[in-house]
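Here subunit A shows up in two complexes: once beside subunit B, once beside subunit C.
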Partner chain A sequence: MTSGERSGVPATRLGMTSLTSADIAHLRTGAQFLACTIDPTSTYIYAEMIQSAMVSGQVQLVDVESLDPEDLVVATGMVTQGLFIADMPPVGDEFLSCISAIETALSRKVQAVYSLAAASINGIVPLMVGLQSGLPVVDADPMGRVFPLISQTTLHIGEVGISPIAMMGVTGERAMVEAPNPQRAETLVRSLVTELGGWAATAMYPCTAGELRMHGVRGTVTRMIRVGEILDADESVENKYRRLIELLKAVRISRARVQHIESLSRPTGLGLPAQPSSMTLIDETTGQIIRLEIQNEILLVLVDGAVAAAVPDIVTLLSPEYGTAVSLDDVGVGTVIDVIAIPAAEAWYSAPGLELAGPRAFDIPLDHPRRNA
Partner chain B sequence: MTALEGQKILHSSGSRAGSLAEAVDQTLAQLHSLLHNDPLRPVTEITADVGPLLQTRSPAEVVAIRVSPRPPADAFHSTSLPSNAASLVRRAIHVRGGHDVRGRELAPLGLEDFVAELPSIVATGIRNISITGVGSIAATAHEEAVADALLSQDSDMRITLSHGYFSNAFRDRDYTAILNSALSATGDELATLLERSCRRYFPSAALCYAKNDGGSGPLSLLSTTPVHGLFAEPAMRILGCATLTGVPDGEVILGEDQGVSVGLTRHGIPVASSLIRRGHGASLASNAAVHAPYTRNHLLAPDAVSVIADLRQSIGAPLPFGLKPTISIRDDVALVGCAAALLTGWIDRLESVVNEADLRRAQHLAEEDAQSMTVNLGAAPGNTRIIESSASSVAYSYPGIVRVRVRAAGTRAVADSEVK
Partner chain C sequence: MRRPGQGRRLDLSTVLARGSLRSTTALYLAPSSTVIDGVMIVPHLDAIRRVPPNTVVVLSTEMGAGGWLVSAALRHAWERRSSAVVVPESRYSSTVIGLAERLDITLLAAGQDPASVALDLAAEIGAARSVVDVQLANLVRALIKESTVTGVLRGISQHLGGILIALEYDGVLVASAGSTGKDDGQVSVDLRSQENSSRGMALTAQIPADEAYDRQFVRTALEMAVPSVQSAWLQVNSREDRDAVPSAALVDLTPFDTAADDKFEDRHRHLMTELGWHRGQRYVAVWIWHDPNEPHRLERTAVLRLLWRRVGIRRPLAEVEEGWLSIIPCEEDQRVAQLQQRVNAKIGRALAEFHLAAGLSRWQAENVTLPAIVREAKIAAECAYLTGPGNILAFGSLNVQAATFFMNQETIQQVAHLALPQLMAAPDREQMISSLASYLDHHSSVSSAAKALNLHRNTLQTRLHRARELGVPLDDPHQLLATHMILHVLNDVTSRTTRHARKDSP
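After this line comes the complex of A and B, so read on.
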């Protein structure tokens, strides 16, 4: 998949599409599959709220190509640092307030919203924002997956500005950040989020539809829905795997049994949320030792010490018994899982992409295998 | 009723009396007569699976109190509860307050406003109250302050605080606290009934109820934590089969009339998870045995020992998936599990750590606390052990926040010849 081009998903949803309640259910599944390390409860809660709200409104999904290239579009998403979203979901006025703040700051009307990330809670939040605001949701995002830092975007690689960033926290307090450098913006936003109560609803990366088309990752909402359609289907696990691998150009690295889970497994000096942990598994067939290095996401997969996948590759887990996404919370010693690697958007394998989101960006002293390829 | 001596079923019977009290009385009288009050074979422990009764009795209505920085701004942002809990909430009250994962106050507790509401709560006549606060798994103060205010108005209220039920999700704790509160009167009634009958025939036996995790707890706790006994049956079946086959560590495959399922035992106790999930809706925050449908894709560990139990009442047809039973049981194997259940205690909490030594300290302290808890439940101090202990990072949380989860189990000091 390339930044500025459609993902591997066939372009069957050109123009504007009204999403159905079934689409939301599938998106929920896809959003969990693409970020298996994150507790899916908040995504479930949002899907349920959206499905209830759809009784009196519609979610319009729009291809970025069908927007006027000069239309103002803005990313919406949650930034967390100290409060589980599932413990205190947004009360409902946060994102509308953020969009309004962006409009005031730029003296322009926002014409559409897009996801800050194409998985987990941030993959689904904009659909509620679209329902509430009547704005269409663009079928694109600036990560093509989830990264922990708001600076880790293809828009950053494309030198699209992150500011102004509108924020509203748990208690209803608001802030606006003006910082042209996305990495500096990340530092400021993260500090503010702590003071705002542990999470903030945000609107950021205001840009034109043309810029999003050029530098965003396209088709990623549709991709989540397609993944969900496959995983939710009443068919054999083998068929699900075949269809998933075809859709995502995925690779099954190993079917392996968990032997050991270790917290605080390596030092970290970065301002990343959460501590590193590791998981050791043994391949059911070959007996090879599989090691997963985890910090918010699965960052690295080693097979007998050799790199099999590394960030920015998307690494996720499936249950070979049920063909469902496996949440990391449900994995214990003895659990058998399939370790799946999916290529990220092509922009992430460029030199600036790997600089921003390759293994070294997460304090792992390795180069991605494609670094010098 | 099933009486177990070691790993052997001593006696198994049922009763068809007119009332529950009569049935309990008849059953215990039978057992008493069977054992002739033999001093060499004393009944040391009686464990009741009250789950089926809790599920069929009408739960009471509840006043649900929710503590958070702000209430939902619109109907779309209200999280929904499963219908079996939503229909029990006569009145819901929002109180300002809550904490983040580090226990930092998000908003001052709106106690004054709440106190002004107290007369109207009392006027409902409802005495079952659930209190759920944002961040209460990290800081309990706001839930406790609201409870104190309620008790100062009416000391007879049955209050369930959500922080006793670990989940990162408010709606899971809210659901669990509401259901627990709604069942507490029934739990109290059952505990009283069982206590009265058991005391008549076996005055020195310890009385317990079977828990969802495959362990047991003192009957005296049934009125305060009935929700932990609501779905004990699958766990007790797993434990029962493992006990009869003498497999403390392995897979237990249950072939029943309604289908085939699988669970695991480790150290002689069913492996448990902290939530009872119901699809994508709210989960019950109660430790419960892992119990999943068996499929043709099931992968058995190469060195694992499996129990394949044929529990079907209809004899003759082979088990599905080509499974060959290692044991066939027509008796209620869940009752064998009840008789074999150990006292179990859980510690599940968030800790803030800065390095590995800190992490180990937090985990060690949790292990000590879990063992103390098990002793408080009735285990002999030398008879407790740690069944599982983990400390895991929480993705996208505050740096240094880990979840520490420990399970301890224990027994009373018993001799081999004692009957349970």
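After this line comes the complex of A and C, so read on.
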């Protein structure tokens, strides 16, 4: 199915679709579902802002295939370090300023923007940027999910450069980073974000549409909307599960009751934001003991001590009662949840992919089960 | 009774109660009894993949740092059938204990440094193993004194608590000592053949289904006993070679010409006395026949000599061309029949397994020369072999009929096809052949043959008429013997084919 068929609004040009307010609402739900460990407040705020602004403008979603392969495209997203975006929201000109800085640095006009990640707040930010700038939003991203580090991208695997990176912080201060590789850029950007006040709007990975097409993960904005459509639908939980499993090739690892939550469960590696924690659940049907290791996201799922899923698999939680995404913040001892595993983009299971975003990249001394498969 | 090798195997419950693990706290104790063969300090998860079964896995302080690591370590240890997992005391949580319980693997918390717990346990395991070394040294010392295979087997059995120790050749029990229980398991050690034979010789022990019996200890004991078994084996064989010289020499002296038998003893009187044969003494010869295309092998001769002992005759078995020979003094007629039965009962199955057959000479009241009884036994053995491996025949039961065993059946069938083409082409050929053979067996008596065949006389008469029409020369005295011979062979072939067809049918 094409994006044109998906939305009720007619396509404005081949491969380009105007998103509706309902699409934005579904995208918000999908973005939360694919990153259940991150507080969804900012995502919700952004979604409301976009829906309000759509009265006077349109968000155009474009297939990467329909762009000229030489068109300049750039990823936009928030990089945070300790400060919740909802606590000090952006003024509004941050991303436009970043795009302008990139255009100045490269002496080229940006033709479209794309998401830095296909989940959580960075899954929705480019829509606002598109609305503000009039640029179309590419239906692709460089993660196919969300990772905590800006170096953990399929563009990095494809050796597409991350620089220049334009940044604008909480108080309007700006910075431009030129780094030799994404890892070094990560270090510099993290330090700058701290200095800039806790978060920064960024534009990075400027590349051609051809490069994004070759090395990015395509169709991920549409996927978030599709997931949202399923989860927001007024139908039985079983039906929602069936449709989700069909869409995402997902697996329900277990339906279990939370027994124990523990923070600081293991030493954390330098450079990885957020503290590690873990959650233990009991599957009351089988008696299995489920253990989730969390740091920004659910990195590892053990069932009776055996690995059932591990990063880069996307692990998320659903409410068995309502069939809706469950935010980790809402989970307490006694809550019954479904633990769902979704395969990530295929590039992540290649040797360089697993090296960049496999368990060992998160200080989990395990090989992913697909490492030698 | 203290089980052999018990010193080697530490029992987890004993080590927890009185040994090096008594300082640990049992977070979960698996109800099933567990033995300990080793201990390993695990610095990282991957190391558990190399842990052998029955090992106590001690997690280093770093390994215990992450709760999930302990869970994963428990799982890995369970998959490797570890005896127990020891974790630093301050690190465990109720969910880890829950997982240990679920996997039913013992989980212990060490108050002190896990490395020192591992070292203490390693020392205890080492001490237990030294007890085993002493046990094995005692076993070897005892076996050195034994000079017979049975003596060596008895020695092993006694050191292993009286369990059954057996020496097998190609799956056939050759010698054994000790007794066996009901639900015994087996530990087996191969004895490499000196001639690189494809046939396997193995020393096996039947171990009671009792966890206190250490299979590894039994295996080690068997492996250490192998040189003693081989040494005794060679000793016995070389002794028998020496003792069998008179019998072997007798075969070489046996003339082809039976007419020379009368002069044999006069000609070789001095030599015969030197060899220990007594004039006037009556003997029975036993010949074991083997496939002439299969050459003699030292190990098979040795195996047969061990088996021959089961017959209970203290006479050597000589390796001779076309088999093995034993000459046995025999003063009574009945002894031959008894000997035949005994050979059949004691080694008949083994002879069949090895594709061998045996023949015995006759007992004769008058003084018969040794070459004559050797020839009788040899012919009986060959006849037995021709009727099927494992058979045992006495020449006395054959007499002149022995000659029929040596007829070339293939040639006779070709003659039948050429000389009696109508009979051979007849659709009721099989029925006709059996009827005609029986008729001639009964001296051409229609009544006797019909009775033997369970037929009416008229039916047989009809078949005889038909046979004449088919060209069978039943009425020509000059051709009758040859006809009888051909029918006999054809009847044999038909019966054998029918028997095989029945055997092969589902």
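Basically, the second predicted complex is superposed on the first by the 359 of 373 C-alpha atoms of A that agree within 3 Å, B and C clash if a C-alpha of one lies under 4 Å from a C-alpha of the other, contacts with A are read in each partner's own complex, and residues count from 1 in each chain.
In the analysis below, contacts are C-beta pairs under 8 Å (C-beta built on N, C-alpha and C of every residue); 3 or more make two chains touch, one makes a residue touch a chain.
It should be emphasised that the depicted structure is a prediction, and the values quoted were computed from it without experimental measurement.
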{"item": "Subunit C versus subunit B on the shared subunit A, clash or fit after superposition", "value": "fit"}
{"item": "Partner chain(s) touched by A:E293 [first = subunit B, second = subunit C, both, neither]", "value": "second"}
{"item": "First (subunit B), second (subunit C), both or neither touched by A:I253", "value": "neither"}
{"item": "Partner chain in contact with A:M143 - subunit B first, subunit C second, else both or neither", "value": "neither"}
{"item": "Subunit A: partner with more touched residues, subunit B or subunit C", "value": "B"}
{"item": "Touched partner set for A:T280, first subunit B, second subunit C, both or neither", "value": "second"}
{"item": "Contacts of A:V91 with subunit B and subunit C, given as first, second, both or neither", "value": "first"}
{"item": "Touching partner for A:I102 - first (subunit B), second (subunit C), both, neither", "value": "neither"}
{"item": "First (subunit B), second (subunit C), both or neither touched by A:L366", "value": "second"}
{"item": "Vertex subunit A; arms to subunit B and subunit C (CA centroids, nearest 10 degrees)", "value": "110"}
{"item": "Minimum C-alpha separation between subunit B and subunit C after superposing on chain A, in Å", "value": "11"}
{"item": "Of subunit A, residues touching subunit B in the complex", "value": "28, 37-39, 41-42, 44-45, 47-49, 52-53, 80-84, 86-93, 128, 131-132, 148, 170-172, 194, 197-198, 237, 255, 257, 261, 263-264, 271-277, 284, 294-297, 320-322, 328, 330, 332, 334, 336"}
{"item": "Complex contact set, residues of subunit B against subunit A", "value": "68-80, 98, 100-102, 104, 106-107, 134-135, 168-172, 264, 271, 273, 280-281, 295, 297-299, 301, 353, 355-356, 359, 390-402"}
{"item": "Residues of subunit C touching subunit A in the complex", "value": "44-46, 65-69, 71-76, 78, 93-95, 98-99, 102-103"}
{"item": "In the complex with subunit C, residue positions of subunit A that touch it", "value": "259-260, 262, 265-267, 278, 280, 282, 287-289, 291, 293, 300, 302, 304-307, 365-366"}
